[in-house]
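Order of writing sets the labels: A, B, C and D. Residues in every chain begin at 1.
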Amino acid sequence: MTETQANKPSTISELFNRAKDNLKQKGTDVPLPVASNYLASSQAARELLDSIFIQTRLFDPVEPDAGLTLFGAKMKTPSFCSALSKPPYLSDGDMVELVRGVGKASSIMMLGIGGSELLQTAIDTGTPVVKIVKPYRDTELIYQKVRDAEARGCIAVGMDIDHFYGGYRDGRSRLTDTFAPKRTEEIVQAISMTKLPFVVKGILSTHDALRAAHIGASAIVVSNHGWGSLDFSVPSVIALPDIADAVGKRITVLVDSGFRTGNDVFKGIALGAKAVGFATSVLLASSAGGAEGVEQFLGFITGELKRTMAMAGCPDLASIGRPLIAASPKMTPWW
Amino acid sequence: MTETQANKPSTISELFNRAKDNLKQKGTDVPLPVASNYLASSQAARELLDSIFIQTRLFDPVEPDAGLTLFGAKMKTPSFCSALSKPPYLSDGDMVELVRGVGKASSIMMLGIGGSELLQTAIDTGTPVVKIVKPYRDTELIYQKVRDAEARGCIAVGMDIDHFYGGYRDGRSRLTDTFAPKRTEEIVQAISMTKLPFVVKGILSTHDALRAAHIGASAIVVSNHGWGSLDFSVPSVIALPDIADAVGKRITVLVDSGFRTGNDVFKGIALGAKAVGFATSVLLASSAGGAEGVEQFLGFITGELKRTMAMAGCPDLASIGRPLIAASPKMTPWW
Amino acid sequence: MTETQANKPSTISELFNRAKDNLKQKGTDVPLPVASNYLASSQAARELLDSIFIQTRLFDPVEPDAGLTLFGAKMKTPSFCSALSKPPYLSDGDMVELVRGVGKASSIMMLGIGGSELLQTAIDTGTPVVKIVKPYRDTELIYQKVRDAEARGCIAVGMDIDHFYGGYRDGRSRLTDTFAPKRTEEIVQAISMTKLPFVVKGILSTHDALRAAHIGASAIVVSNHGWGSLDFSVPSVIALPDIADAVGKRITVLVDSGFRTGNDVFKGIALGAKAVGFATSVLLASSAGGAEGVEQFLGFITGELKRTMAMAGCPDLASIGRPLIAASPKMTPWW
Amino acid sequence: MTETQANKPSTISELFNRAKDNLKQKGTDVPLPVASNYLASSQAARELLDSIFIQTRLFDPVEPDAGLTLFGAKMKTPSFCSALSKPPYLSDGDMVELVRGVGKASSIMMLGIGGSELLQTAIDTGTPVVKIVKPYRDTELIYQKVRDAEARGCIAVGMDIDHFYGGYRDGRSRLTDTFAPKRTEEIVQAISMTKLPFVVKGILSTHDALRAAHIGASAIVVSNHGWGSLDFSVPSVIALPDIADAVGKRITVLVDSGFRTGNDVFKGIALGAKAVGFATSVLLASSAGGAEGVEQFLGFITGELKRTMAMAGCPDLASIGRPLIAASPKMTPWW
């Protein structure tokens, strides 16, 4: 990078801070305009989840069963590890341990960016693995990764569509050289290349959910990709109920972004999801205690969920529904 | 406890703090995800109560009478001491003084965990006592305590159903060895064992309220058990109006959790309760001044309530109703 | 006051602080329960006023006239000095200067507690004075003060009914020896004793407004008496529109409590008041600059009001109405 | 300024601070009443914009075109520089550089206060310039400036009507000697003096929007003039949808006040504007890097807008509409 490039501001924030400095040198102190918060969707998601209360039904107690079958895999919990790419602070070995922990918790693993070798080692742990392919600019690479996933033994494969335009944070786009928008025909082509169930991740509108169902996806992940996609996108927790109403009977609706607790999982399922994904939390659990930490984390989540199911009188996941939740009087219920 | 057990994290919070430490040692500083607030129901209850305003009707002033009869006992105040178990910082003697103070205020006492001896001494103070039995795993113990309560002279007896699954705080279950879910038949059996009015405590849905009425309960306490039962349960103050509409004509509807002032009592009654319970506040009052402190506390509450009744033009408790309260325009009225 | 009396807690807050001290001595640190905020009505009023926005209509500019006639007095401003009793930090002479300032601003003065001598000196300044009599326990004193007000030359006389039960602050009643509830017949009697227009101050419900109109009051002041009457009373700004709709065509509806600016006056009038009272602000203005300070204050208020009227296209006070205001989308409009 | 004038308080705030000082000298400490926030409209605008979420539609990706034609000028971005008067900290040369930067970004420049010479230099940069004339007390000056703008080559000319009564901040009017309300006939006259499209800036009601359309304006700027016109005016972002519905098919509806990001532009257009103005931000960008800084700023805005358009499935500005946005459940949608 040349000196000039280094000096060129790459966001509004950097530009304005330069203005502040220049004006201060001239003796003028100018307050910078309050910018929008680039974490708006995440923060709204958290606030919304925390505004949902749960009805209790304690008579006729039940032994809740939190099990379900996803992509043919039997799970003991509706919490899964949402598409994860290895962060710099974890080694390949750490990632494999993480995957192992997911399996020990009888959950399933979605893997994001990563090569065939890591994928194979992950699958070899015995944990059911879903490969989520990034929307590479090089479409052939997508096809190749889809085929590879099937060949190596994934239980499902899918594609992340909310990184069509790269990541976004603090006014900066990332990875737009690597990723690019894909035409529907290209996605259809990817689906046609495998017999595995196909997952489309990054849906936030019924428009896209209906399209995904129409072209043959088996499942969608309603997701605002944490802080990584579009600031001020509709939070997944707002988008979920309408989407579940629109396609929930035809395809599997999963959700992630901002869920943190077993009660959050209960709320996500009440809003229409079949299962709820965790990513940041699983990474942390792995950093805390490797495979055992991950197993513990999913255990805590599932334990709280089952306790809450029991208190709400829900013997199984199918009995968790919207009548059991109530929005704070400060909110208009959006479901 | 072995070294290993001591080291095993028992909540998500502990697990994540360990991750933070590990990552810091590797030179990576990771922000922990914002967790849900485990006091959500209590905080919502407080905020909701504080968002209710009271109409004044000053013409044709009245001398308010705050008296009522509960379980045959004549009370001069609709505030009562909600089910209390002796905390470590009070002695048995302190508890008896507390009960005496409740009686001096012409109120009634609900006693939670505690043996026959304490119960007898409490009853001997002359204060009307209601025994609230915990949902012991050992059902026979419940039956025995119900019979004991009647034999010793309680005015009513009941059972706490929101501790079926133990207490819960900061992601941790407590007392699940001691308490356990009880089948409806077991509750029916407990009711059949006594001629006393039977109270079911811990109701938060019309579903449970209707069940309680159906199986012969005389009264229910709408309660989210402070911070002790289910995080994000519907706060009792939200659940109350629907429940009162559903069963208020057949059985006695009481409420507790988060009430603090005489105005709060007015609001609770306007929302449909016949009387309002205080627990934490009574403990504090007892710590401040023993029997006299408790009497003073209930006196302050009743004094403020009567002043407010006078200003709202209510000669008696029956005349306190929903038309006299208004929700803040920031809230959707939930009644 | 004896030692014992001094030691006896007189509010819940004092009682709980004692508990905290006692428990700390025993080595237990207990968090005190969060109490309701005893300034709730005032704070809500402020927040509500600040959530109202004003439409501008700039075409066809007008020269606004903020004048009106109240109780026969011509005023150049719809802001008046609401019932004021002399605070300790002002001398009798200061009060007279304050009244003089109100007159210099072409407004009217409402005087609260105070003897005949002060009343006479106030009237002698030439400022139109309305005497607001307190609801004295001694009803004859009320009648005497009503007759005295007429005899000395007040333009109207009235009675404060929201101090029927004394003042109230921080859980403590005040002045209940001096004030007491008055029966409707007593108010009727007071009205019958004078030919002056009669003002009833402290109305917060259509119930009371209709009663006031029915028994012959000429005007009412919708007021929650700042922090001095009932905590959690409906703020006057919420109560106003319904009351104005109910009686605004038959009697004069005034308002006070929490108004601070010229825009607030615009909003109060849009919500249905004919004029808006200031008390705390007038006291401060008087402390800042005596008669001139008060005149300046009412001048600032009126100047801002007229500028806003001009910008909203309102040539006179009668043209200020609810279509010109909008509630924040965070609020449900309450009018 | 004489000593006396210097000492005379010119706002309520100054008056009250004097009261506080005086009372402190007497040993009385009085809390000042909480005043309304004089930036209410701006703050509400920001909060409202941040409460709007955007739907994504990623299937069938589009290459968004953010271009439009305003006043005959082809723009590559719907963000423009809203009426700007030279601040003290910029030189005339700086202003010209700023204008040049606007042109380099293929946008248009609205110029506020400033003489013919600056206007000419600005036009000579080749950037399309719209002259927004202030509502001078001296109407002839307005006419002269309108004719001058046409003669020198502006692409449009207009008038700011929200400074009819001067600026306003912290309770203080400004510039009322220079500016004054203009009668509709005077505006009609100004319009008749030029063949250029005429812009009326400072509209916040459908009343004024309809009037502007009726008398022949080609465009309006819905604007609450940042902090400079009427405190508690309806924020432009609230006023916009109704105004666009009322006149959007007949005249060009522009908007400014409080917009900061490319997403804000998307939201403004979804609410009914054809383009969105920036003023403070352009000044800062200019201070940061002159013409290049301004070009960069508008580039960042447009880049973010186009990325968001792509993610929302909008090939052009006309396809951005209200179905693509959602209000936070804490807000009532105002559109």
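Methods note: a contact is a pair of C-beta atoms (placed from the backbone, for glycine too) under 8 Å apart; a residue touches a chain by one contact, two chains touch by 3 or more.
All values derive from a computational prediction rather than experimental measurement.
Chemist: In the touch network of chains, how many steps separate chain A from chain C on the shortest route?
Modeler: Minimum step count, chain A to chain C: 2.
Chemist: For the identical-sequence pair chain B and chain C, what's the CA-based rotation angle in degrees, nearest 5?
Modeler: 90
Chemist: Between chain A and chain B, two touching copies, which fits better, same or different residues at the interface, with half of the numbers shared as the threshold?
Modeler: Different: fewer than half of the residue numbers at the chain A-chain B interface appear in both copies.
Chemist: Can you compute the centre-to-centre distance for chain A and chain D, using the mean CA position of each chain? Integer Å is fine.
Modeler: 39
Chemist: For chain B and chain D, what's the span in angstrom between their mean Cα positions?
Modeler: 56
Chemist: What positions in chain B touch 2 or more of the other chains?
Modeler: If we look for residues of chain B contacting two or more partner chains, we find 330, 332.
Chemist: Graph of touching chains, which shape: line, ring, star, complete, other?
Modeler: ring
Chemist: Who touches whom among the chains?
Modeler: A-B, A-D, B-C, C-D
Chemist: Applying the document's contact rule, which stretches of chain D touch chain C when the two form their complex?
Modeler: So the residues of chain D in touch with chain C come to 8-9, 11-12, 15-16, 18-20, 22-23, 26, 28, 30, 32-37, 40-41, 44, 48, 51, 161-162, 164-165, 168, 171, 173, 181-184, 187, 202-205, 207-208, 211-212, 229-235, 238-239, 327, 330-334.
Chemist: Where on chain A is chain B touching in the complex?
Modeler: 46, 49-50, 52-61, 88-89, 260-261, 263-264, 280-281, 284-289, 293, 296-297, 300-301, 303-304, 307-308, 310-311, 313, 326, 328-330, 332
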